[in-house]
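Two complexes follow with subunit A in common, the first pairing it with subunit B and the second with subunit C.
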Partner chain A sequence: MTVHTASPQVKRAPQGRDASAPHPAVLLLRTLWARPAARKLLVLAVAAAVLGPVAAATHGSGTWPSAFTVDLTKPLTGASDWIIDNRDSHWAFLYFFGHISGAIIGAVHAVYTVLLALGWAGVTAAAALIAWRVAGVRVAVTALASFAACGLLGMWVPTMRTLALMIVAVAVSVAVGALLGLAAGLSDRTFRALRPVLDTMQALPAFAYLLPVVLVFGIGVAPAVLATVVYAAPPMARLTALGLRATDKGVMEAVDSLGATGRQRLLTARLPLARRELLLGVNQTIMMALSMAVIASVIGADGLGDRVYQALSTVDVGSALAAGIPIVLLAIVFDRITAGSSTPRPARKLWATVPQGGTARTRTAATWAVAVLAVLGLARLSSQSWPDTWTVAIAGPVNTAKDWIVDHLYTGLPGIGGTADLAAHYTTWILNPLRDGLQALPWWGALLIVAALAWLIGTWRTALTAVLSLAAIGVLGRWELSMDTLSQVIAAVAVTLALGFAIAVPAARSPRVERLLRPVLDVFQTMPQFVYLIPVVALFGIGRAPAAAAAVVYALPAVVRIASEGLRRVNPGAMESARSLGATSGQQLRQVQFPLARPQLLLAVNQAVVLVLSVVIIGGLVGGGALGYEVVFGLAQGDLATGLTAGVAIACLGLMLDRVTQPTKGARDGA
Partner chain B sequence: MAAAAALCTLAAAATTACGAADMTKQASPYAAAAGTKTVTLSVQSWVGARANTAVAKYLLEHELGYRVDTVQVDEVPAWDALSQGRVDAIMEDWGHPEQEKRYVEDKKTIAPGGDLGVTGHIGWWVPKYFADAHPDVLDWRNLNKYASQLRGPESGGKGQLLDGSPSYVTNDKALVSNLGLDYKVVFAGSEAAQITQIQQSAKDKKPFLTYWYEPQWLFNEVPMVEVKLPPYTQECADKGAKDPSTVNCAYPTTPLKKYLNADFTRKGGKAARFLKNFHWSKADQNAVAQMIAEDKLSADEAAKRWVKENPEVWKKWLQ
Partner chain C sequence: MNGNSAGTGDTTEPMTEQAQPAEADAATAPAVFSVRNLWKVFGPKADRVPGSELAALSPEELREQAGCTVAVRDVSFDVRQGEVFVVMGLSGSGKSTLVRCLTRLIEPTSGTIAIDGEDVCGMDKGALRDLRRHRAAMVFQHFGLLPHRSVLDNVAYGLEIQGVGKAERRAKAAEMVEKVGLAGLEDRRPGQLSGGQQQRVGLARALAADPEVLLFDEPFSALDPLIRRDMQEEVVRLHRDEGRTMVFITHDLSEALRLGDRIALMRGGRVVQCGTPEEIVGSPADDYVRDFVRDVPREQVLTVRRAMRPAAADESETGETLAPTTTVAEAIETVARTGTPARIVEGGRCVGVVDHRSLLDVVAGLDAGTAPDAGERTAA
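For the complex of A and B:
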């Protein structure tokens, strides 16, 4: 990973060189030209000086000119009507989409039936067994406790539904992702074609996908699985490609010299060597899929997500939490299992010490057989669902606690009045001026600023993508709304970064702080964003302030984690020499740690932007307005024209923000 | 495309012949998993609708031996899901003429299920404590006088008219502009957010003006009084049907209706008959809704209590 991708060195013939001494201005220009960043800015400044007045003269300096917009309402409404009218008669639906939908429903049904047949004891035992064999005793205990907790919370059946859906969605995502990754890993051309697509898909808020899928497949499990696959397959594809391409040249030559065929090379050398990346890909795919569990409930995914969604509509945070915790637990169990399988296992040694006859292979087979029999036996003994009497109702106490906190914070914060005042100040003094400022920006000015930011930290390609994305928003006629959303994102990102870096510094210094923070961060990161929405409304009222608060809470863990990791990894030698030179701890931080951790810190910024955007969009559900509201409106009214246009605008905004903050390609893969 | 290819292989494996696969015949994968008869009900996001579903579910399960799944979907997508057979019934509909024409009259995939017995009314409301202090706020002509007191951080210097979920029927933007009011419509984005905001304002006895509707359990907790808008007329309604931006009168009073999937009405047996017979009063619905939303009982528990106390109401539905 390079810290800074320098622009290609362009050799230019120095202009106006003659015998006389150069003019001071020329000298200044020449020194500036020597610095890549300044050179880029200079080019843009010239472009601005030439194009700005022209654009201003022909199309004004206000918002995006109406001459450049395309109204898609008519064709989109037409398309939507056509689909609804022909959905049960046209061949494309009967012979293509119908089979896709049927296969998904069949697969989920099959998995769900198996889970029900295993019963609660069977499922719990099977999970613990798999965890033990794959990742060791500690993970097995975690799995056991987690599944028991799902049952105790009274969420057994929804958990099984979500599990069935997740198993199918993850299997399809991994298959699709691995195929795409294989293609991209083996062919340079495919890799080049695929990379921007994958990059884009990872920057998109999931909410934007839902409407088109619903239109074709209707409400239900099939569209939910498909939306999840679209969201969760890219990391698998990306990491597979990365793993295959990173294979050691020496090993490949050795394999070649042994006369291996292309297929042998792939199966015996490249794939095994890429094992770590492949497993990381599976891990990332599972995490992404689980984070869709609640969002997909908006289009009828059922299971835990639907419980969260239903609880929130009665303003019942306690019940939402009771359904949210199993999602977190599932995520933790899956994460530990897949992460554990890529590291050496102490469990296997433990297993091998058990005195038994036969070869290692038959011994393993025998233990598996015994284990499977045990699971089946438990399945026969236990009932299908968790016993009703063994549940603990946490909703009541949680709601009481929430009410107490809200009552005390809403007006009674010392010094600043209360969260309600805080929200009002944030809206009036930060969001409104920022939004008005962005909306008042001349359209060509906004394009130039984006170009400058993207070019400074990236290449001319990323700059071009960013500018084109922003222009596309204008063409779609969503300029003003997007500027509103953008202002919310910028403000929330600023808050997130300030808080995140403030927490990351002590976490990087003290292992104890880090250990204390870690589980908290884990939980906050995997908890579905929807769970935060109602408490923030209670605290901050409706509007853009609660959306920002939810976004900060959601994005903070990733920022803290990446930033503290970056700071901690700073070369101890550099720190030591700084200390020996008598640098104070503040100086060390500013002059050694921050500069050396720059790539990680930039990555944290990039993540903050992507995560904040995804929540600001969901903020449409709590009065955040702008693009998020349009998507919510489109989904609620089945209005493809509004929803899809807003969805595309969000996608463009996400792409633009990602390009403007993404310094190095592929840096996110490691995180 | 690889996705399509992979899925096609899967599809070929799952179905013996590669014939037509009608999506409208595909039920939920969770339905009938344990070999029971299953009914799927759509439950909308507002609590009144949840009360209908909760009681229907309880009776279907305990009196008729069905398994009931509920799925939360917004109103318009729910019509679509109903026509596809993904859900079997919508228990409370506030009038969707466009969908009615498309699915009931033209495609005949949805059948009317009769009246729910409750009439719904949409309007603008202020809290009682505010109306008591300023009785003249109850006439729309005086609303501008109070705009400065009803300001919010999102209303940009104007008075704030709080609207709820984008899925609800609303003419508020047109009303504000056609009646010349100094207000801005602020969308809470979801009913949950709107209710939370109303409760929070009521706690501090702050004034507010909100789009709201009857029947609604929240009236028991936060008493509100309706602001009189220009009376509803047929002429105004016809004009509004053509161009929604011209509406300048109050909302009508709507008898709430049930709708069933057409196939389900034919083959649904006892369950379909029961759902058609389901008919109760505003007081009944509110009683259950309040247990769910205010007393935080589970929907099932609330339904159980109501069913225990009101056998004379529901015994008739089982015939």
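For the complex of A and C:
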């Protein structure tokens, strides 16, 4: 890849040689200097040669030197104790945080009450009705079947609890995100200030957001909603801002030329023109909110996530699956409804059906009134919760199946040797050596490698951020644990990229493969991270290997999608000219598609790293250890200091990994 | 070259006014837009360029020294009531910037613009909005339609901005849709229309506000040649029916000649020549203009007024008669058919004759040296 950055510069080197024919060594240096990549590496090599020995002599070459660490445990414990002691008396809690918390709990409770009052039939009918109006009959059937399935699985009440939490969190996220996005869309300065923050927030694993809210609000529904809002609002803000900024300049000029006021501009032109982005923002916010609402079960959000969490902690795969399936179904329903409203085709149909005349409008109003009455009627007729007699207990059979897996697939399969064997091999032969290697790496060496990678791919700014983030981990005293997490991430990313590109290349070349793959990718991309833990525990038991497997499965769809789209969208003219020159398909791939799709491929790597990290961290719940476990442990034991430092280390690791793999600013726009 | 053409730009204006007393109504009509010494400079500290020694620099030097680009350079002209005033130039000549300055969609750097004697540059926000809403409406090259609204609502959009009630603006919009020949397509979205139809929507939207002046910014450049022809005829028809003042920006010389009562030819931000199509083609102000109009079929544009010579004693009584506004092409047809010189009659008096030779001279461009004579003779 570095060759391509340098290629335009290479041509310049011979001219330098002609001008003055100097010593070969000078010549070599000059040639190297002409390539930006080599120049950057040269600078770093000099820095390493000077600083390395000094650092090694004064602070050793092992892990992060203890002289540079700052023990934050005491002040953090102090702060946490102070907050616990003063939560009921200090004015900040009484008049500010208390009200926030109270309002959230009140809102969630109110929504929950309404959902219960509607009853199972009412809620299911309402969901189907909304889906039908917004996205068509097929989605309505999906919604109907999904809610019925939630009831059948005996998960009606947890589903309603999750739904209530989601509705409140999404409403707040969309409102906050839209306001921030509006500000950033209308003012350049706000946009410049907000954009790096939003970019960074989207790169951080969900777990990093949990601890700070717990510190202030304790455990419960309010912090769960707040963590969800913090996690889910950025995409809305980002897409709103981008949508408002991308409005057609020609249209805006025409609107100006008609003498529109600022308000008219915004309401009649800018917002409607950004409709697609706004709806996409709502869609992403809902998906992120669901994902977080489930994870937030570890800080006291009850509902489906809590059921999964409880079941996983006792390795009860059957119960975990019974709670996991409704999560997946909710995700699919939400995604289809919101995506259905933003795709162009049904959207135009929706527009077209919006009637112009008065009579047609009264007719739609009448339809709606009838529909609402029907929902209310069903609500009166049906009981609050799904009837107990109509449930199917799948936990038992699933656990039986899982036992069968343990007996038959774990070991002794001919050829591959069983899943447990695979996991053990992966741990022994890949994870352990990698972890030991990283932990044995001199600390200054690690900093240099990070600097080199980040600088080669990005700018000196990204390199600086990456190095500072890694150093911050050392300062916090989480060096060894972070190297453990890092080893898991690197191994899983390697597997993800190998598999991802292996799938992406045929998908990019053959429309049939792409057609087969698309629905699979759609479903996999909508599922919350948490859900992936269930099947991998069934297959691989607990430990670092299942966490890695979950991470790979979670990150794979995004990698395949971005990479194959990048390869497919390569300028057809360039491909055609390559073919006309008689290039073989391998040559086309190597010499045209890969180089031209480079930004997209780098973006795929970046996304792989970000997504893998988020699941590897959650893997702390299934024996992944390292930083993720520290957070879980801190929460479980009420030891917030440990959890918080681990949380900050996770954020730093996420930032570092994102910056190391962040190609250019522009390329991320497409994501 | 630059200095030379600047002089031309300044002097052309009075010359033009002298050259046109024949069409008395157009010449004496009051000016709708009156532009004097207009500058538009893009870049840092743009306002220090006009009037300073920087103004004398070439575009490249200026970009190097001050980081500025001059889009409009000391331009003055009047747009008279009821005329089609065409601003023509190649891309980058500043014509689109110029028309945007008229309603301050782009803020001019210096100079004055007046509409009906009222200073546009001094208008506050409200007055400016009023100007854009009621007095000058614009039609854009890329249409600028709202994709989420129907044709009817797009046409009614300007009225909606003005705060006109729903029923009234829809009725008015329906009338305009009818007028531009889109009846039956009211409920379509712009995306479902062809380019020509979209521009008709843009035209209808501009007309709906019943503005004093219509501003066209290369409205037909994005259209196919045949459709462009249709649309040009549409504009000619509209102008004939309503007599609305129009400022028309184009890079297409044939379009300019077809539509324009007067043409201002721009180059590098300056107006290098301003005059009737006949003056532009018949008496190019400099080599640039001459080069520009070289391929124009002269016989289609020039009139017999230019080709005639004083009548000899025996000629003023016999032969076919032609009006002075007859094109050379038509005169050729007459002369070739009859085989004798034709008389040019104005107000019952023979002002000259055209014969084979004089007509051929005009077609061949050999009359160039006599151009000023022709102007003076007309004036006299």
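Everything that follows uses one rule, which is that the second predicted complex is superposed on the first by the 542 of 671 C-alpha atoms of A that agree within 3 Å, B and C clash if a C-alpha of one lies under 4 Å from a C-alpha of the other, contacts with A are read in each partner's own complex, and residues count from 1 in each chain.
The rule we apply is simple: a contact is a pair of C-beta atoms (placed from the backbone, for glycine too) under 8 Å apart; a residue touches a chain by one contact, two chains touch by 3 or more.
Small disclaimer: the values here were computed from a predicted structure and weren't measured.
After superposition on subunit A, the partners subunit B and subunit C are accommodated together without colliding.
In the superposition on chain A, A:Asp335 makes contact with neither subunit B nor subunit C. In the superposition on chain A, contact of A:Thr261 is made with subunit C only, not with subunit B.
Of the two partners, subunit B and subunit C, it is B that touches more residues of subunit A. When the shared chain is aligned, subunit B comes close enough to touch A:Tyr629, but subunit C does not. The gap separating subunit B from subunit C in the superposed three-chain model is 31 Å, by closest C-alpha atoms.
On subunit A, the positions that touch subunit C within their shared complex are 248, 250-251, 253-261, 264, 268-269, 272-273, 275, 348, 351, 356.
Residues 2-4, 6-8, 10-15, 18, 20-24, 26-30, 33-34, 43, 45-47, 50, 69-81, 84, 86-87, 102, 107, 109, 152-154, 156, 162, 165-167, 186-197, 199-200, 203-204, 292-293, 296, 298 of subunit B are the ones touching subunit A in the complex. Those residues of subunit C that touch subunit A in the shared complex are 103, 105, 128-134, 137-138, 140-150, 152, 157-158, 160-162, 187, 189, 202, 205, 209, 215.
Of all residues in subunit A, only 84-85, 87-88, 93-109, 112-113, 116, 161, 164, 172, 175-176, 179-180, 183, 214, 217-222, 229, 233, 297, 299-300, 302, 306, 309-310, 312-316, 318-319, 384, 395-396, 399, 410-411, 420, 423-424, 427-428, 432, 533-534, 537-538, 541-546, 619-625, 628-629, 632-633, 635-639 touch subunit B in the complex they form.
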